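Below are two complexes that have chain A in common, paired first with chain B and then with chain C.
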Partner chain A sequence: MIDALTAIVVSAVVLGSLYSLLASGLSLIWSTLGVFNYAQGGVLVVAAYLIWTLSDQVGLPVMLAFIVAVPITAVVGILLELVAVRPLLRRPNGTLLVMVSTLAVASALQGALQLIFGPSNRKIPAISLDTVAIGNTRVAVTSLIALALALVLIIGLILLLKYTEWGASIRAVEQNRKMSMLVGVRPNRVYMTVFAIAAVLACAAALIYGTTSTITPSKGFEPLLTAFVVLVFGGSATLWGTLVGAFAIGLLEAASSYYLGLQWSPVIVFLVLVVVMLVRPEGLVKGRSN
Partner chain B sequence: MTPAGNTGANAPPLLDVDRLSAGYGKSTVVRELSLNVGAGEAIALLGPNGHGKTTTFETVSGLIRPTGGIIRFDGADISRKNPTDIVRRGLTHIPQGSQLFPRLTVQENLLLGGRLPRAKPHRQAALARVQGLFPKLVQRRDQLVGTLSGGERQMVAIGMGLMAQPKLLILDEPTLGLTPKVRSEILESLHEVRASGLSLLVADGDIDFLFALTDRWYLVELGRVVGSGTAAERPTQDEVMAMYVGGTVDPTTTRGGTDD
Partner chain C sequence: MNRQLLRFSVYTVLLLAAFAVPYVVVAGPERLLAITALLYALLAISWNLTIGFGGIFNFAHIGFFGLGGYSMAVASVVWHLDPWVGLLVGCVVGGIAGGLAFLPVLRMRGIYIALITFIFVQLCYYMVLAVPSLTGGSNGLTGVPSLSVGGFRLSEFSGLGYLWLLGFAVAILLIVLDSVIKSSFGRSLIALRDNEQLATSRGINRVRQQIFAFVLSGAIAGTAGALYVSFFRVADTTLFSFGFVTLGLSMIFLGGTGYVWGPLVGAVIVTFIDKQLTGLGAWQSILIGGGTVLVLIFLRRGIAGLVADAGNAVLRLVRIRRRSLTNSPPMQQKEVETNV
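After this line comes the complex of A and B, so read on.
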């Protein structure tokens, strides 16, 4: 019984960390630009292949490979903003155009990865094979690293947004683009920064994803879909909500795959999503971060 | 008071709008409009709603690209500059009915107003000055701007404009929807601001407020300047009413008042 509980909690922690990192990037882009970035899953897979190449192929230690991959993924995020967002966002129906263009980028990335790496399963080497004793059970260090990565990055981001001038200018563009320009903020620069941050968060998600499951070029879509559920579940525009929602969904998915089987977990997740939308359409955590 | 109308005689005006045309998409709202604001001058833009005052302001501050004409500010052509570059040169525009940044606090809004390179080194002094001008904002400093009354929000808006340490402050309808008491508070603080030498370009539905504050006026109709004069040559009440026919000005705001 305790083993079952431990297995579920550990699995929930890993899934929650993954979803919270992916969804907080989506949430940041959604609240700042009002668009859903379909390429976020694609960025995650690109980052996963980067880390895999640097570690498995080049031979760097996994954490070093991750650190090298972070700035490269940030550049991918910036390019995404320059190519798929900036030329379209201010046009009539711009938000719709951007969603379509990010979807196109997602497909293009998948195709490119297929050409470069082929369709076979890849796995990033384990960060660590050690376990530590917590209470009377042993927990893999990898799970704890995943949790620490998610909490440090997301809470760090929340604090930066709240307490720095840089964060205030992002929130200013989010709340009133016109007024933000009139006080001298450059919205395009803010959008670019937001995409870079989202890409870095996706890179951290890629580390967790690629070490706990196998990656293929088409693997980005599934966690993206769950991250979307997290957004709705947690309340679309607050990072605290995203954090809470991600771990709630992680727990739900872990528990349902344990007790009902892996194929049932998406069914349960979407069923609960429908119920939450009916009962609490504003999401679990009300209001926006302020 | 600054001697009105003759500022252009020896020095070039601070703001020189020359045959400006602008609009939205295919509709032209402003047609070959010319006006100027001298250093230290306060200018009123009169005219019915929907005749191009707001469009003029938005074009001057770079939010809209002009389709014709030239805008010069402080000796430079700013006609094709973006709003960020223009505000950095010292021209700040507080738009009509702005909700500002509703989920940021009063303090955060004010500090954002002073984040420009030209203003940042003097930001604490500017903040103290704004708080001296609007003491109410001191008690409200940690309150979200979205929860303020209209008058308090307008005070934050003007305060944000001042935080940028501009050479010219453009105010679009600063007393819209405010009670007479709050209007006179705002008028009083703007008088203080004027005394410091800041140039103003103001549009407002409250004619008495405008004439009490400004040195000169331009009357805009259908996107053109159709009249201008000094505060001393202020149009009579009947003329004002005639100007605003077809506008949506509340008659109670244009009741006869005294020149200051």
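After this line comes the complex of A and C, so read on.
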């Protein structure tokens, strides 16, 4: 019983870290630009293949490969903003156009990865094979690293947004675009930064995803969908909500796949989502909303 | 009077064209291509009702399409009902699915519908996988019977019957939607898209109008899915794949969202391009995805927009010529608005 619980909690921690990293990028983009980035899953898979190439093919240690991959992924994020978002955002009905274009980019990225890496399963080598004893179960150090990575990056982001001038400019654009321009903030630059940050968060998510499960070019949509559920679940207005929502969904998914079987866990997650939407449409954590 | 006459002559030409298609497209592979294009056209035209005219972030249309297809397969293969009944079931199921997909948005802000509808497709996929006794699980259902009239199976002569059926279906759908868009319902939908606050302040009920649009377009998509499955004889989970979503969206935006007939043009062109690309494997999704982004950026109103601009330019030219010939004083020029 206790062993089962520990197994569930460990699995929930890994899933929660993955979803919180992916969803906080989405949440940041959504609160600044008012759109959902459907290419976030694509960026995640690109980053996962980058880390895999650098570690498994080139032979760098995994953590070093991750650190090299971070700036490259940030550039991918910036390119995404320049190509698929900037030309469309200010048009009438621009929100819809941006979402359609990011979806198209996601599909194109999937094709490109298929072309370069082929359809076979890849796995990033484990960061560390050590385990730590917690009670009777041995917990892989990788899971703890995942949790630390997620907490450090997201809480760091929250602090940056709150206490630096740079964070203030992002929040200013979020709250009132025209007013922020009057005080000298350049929205376009802010949008670009936001996409770069989201890409870096996706890169960290890719490290967790690629070491705990296998990657194929089409694997981006699955975590993206769950991250969407997290956004609705936690309330997309604050990053704290996203964090809470991500770990709640992680726990739900781990518990339902443990007790009911793997094929039922997505159904349960979606059903809970529907209930939350009907009962508490503002999400679990209430915050300011645009 | 003149406008009305023009409209009815266009309708007649459409129906005649639907009748003539099998005489123009004779060879087997070409008929297959034409039928595929018409099936996609049904999907894209009905999708455009919510995404184009309604301006609603509806990514669930593929879900309605797939559910309609599965209803057809289940009704005819598992329950052994007549395929025509299956078509009706597909239509009803599509409509209900459309209503259900819209329901969660009642209590949430508009943009959430972009998330919910996107998740909806995946939910359909998992539901289909979760009841393998009914849907055949990941193997899907095969051996869906062809529709037939009397003793004549529509799939005979390389799908002659389907070509006629679909041709008329597309023509009638265009005619019906043209009237729907011109009706007070259609105008209110467009008003809600362009200025929601003003529209609701004038007494338009957003939820009622938009849910009706969802049910209507869902029912059409369900029918399209049922026809798709009955023509290709198989229903499997690729019906819910994301490749389909991008393909459908590329058709709508290439054709032009502002016109009822835009997605038809888009569907025909994209189907043709897609067919040419099938040998290229992964390049297919790169080109379709990249092409969609380019179309969104550079072809704002789609091909239909270009055609309409050209039409207006010709009209203006003719008018100027006529005016200079008769030497009459310049009249107040009436703006030609052909946003159909």
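Keep in mind that, in the parts below, the second predicted complex is superposed on the first by the 285 of 290 C-alpha atoms of A that agree within 3 Å, B and C clash if a C-alpha of one lies under 4 Å from a C-alpha of the other, contacts with A are read in each partner's own complex, and residues count from 1 in each chain.
FYI, a residue touches a chain if its C-beta (ideal position, glycine included) is under 8 Å from a C-beta of that chain, and two chains touch if they have at least 3 such contacts.
Just so you know, these numbers come straight off a predicted model, no measurement behind them.
In the superposition on chain A, A:G111 makes contact with chain C only, not with chain B.
Contacts of A:L54 after superposition on the shared chain: neither chain B nor chain C is touched.
Contacts of A:I8 after superposition on the shared chain: neither chain B nor chain C is touched. Of the two partners chain B and chain C, more chain A residues are in touch with C. Looking at the shared chain after the overlay, A:E165 reaches chain B, while chain C stays out of its contact range.
Of the two partner chains placed by superposition, only chain C is touched by A:L273; chain B is not. By the touch criterion defined above, A:M181 lies against chain B but remains apart from chain C after alignment on the C-alpha atoms of chain A.
Interface residues of chain C, counted against chain A in their complex, comprise 51, 55, 57, 59, 104, 107-109, 111-112, 114-116, 118-119, 122-123, 126-127, 129-130, 193, 242-243, 245-246, 249-250, 253, 281-286, 288-290, 292-293, 296-297, 300.
Within the complex formed with chain B, the chain A residues making contact are 165, 168-169, 171-172, 175-176, 178-186, 288, 290. Those residues of chain A lying in contact with chain C across their complex are 34-36, 38, 83-84, 87-88, 91, 93, 95-97, 99-101, 103-112, 114-115, 221, 225, 228-229, 231-232, 263-264, 266-267, 270, 273-274, 277-278, 281, 289.
Of all residues in chain B, those touching chain A in their complex are 61-63, 82-84, 87-88, 92-95, 98-104, 108, 111-113, 115-116, 144, 160, 164.
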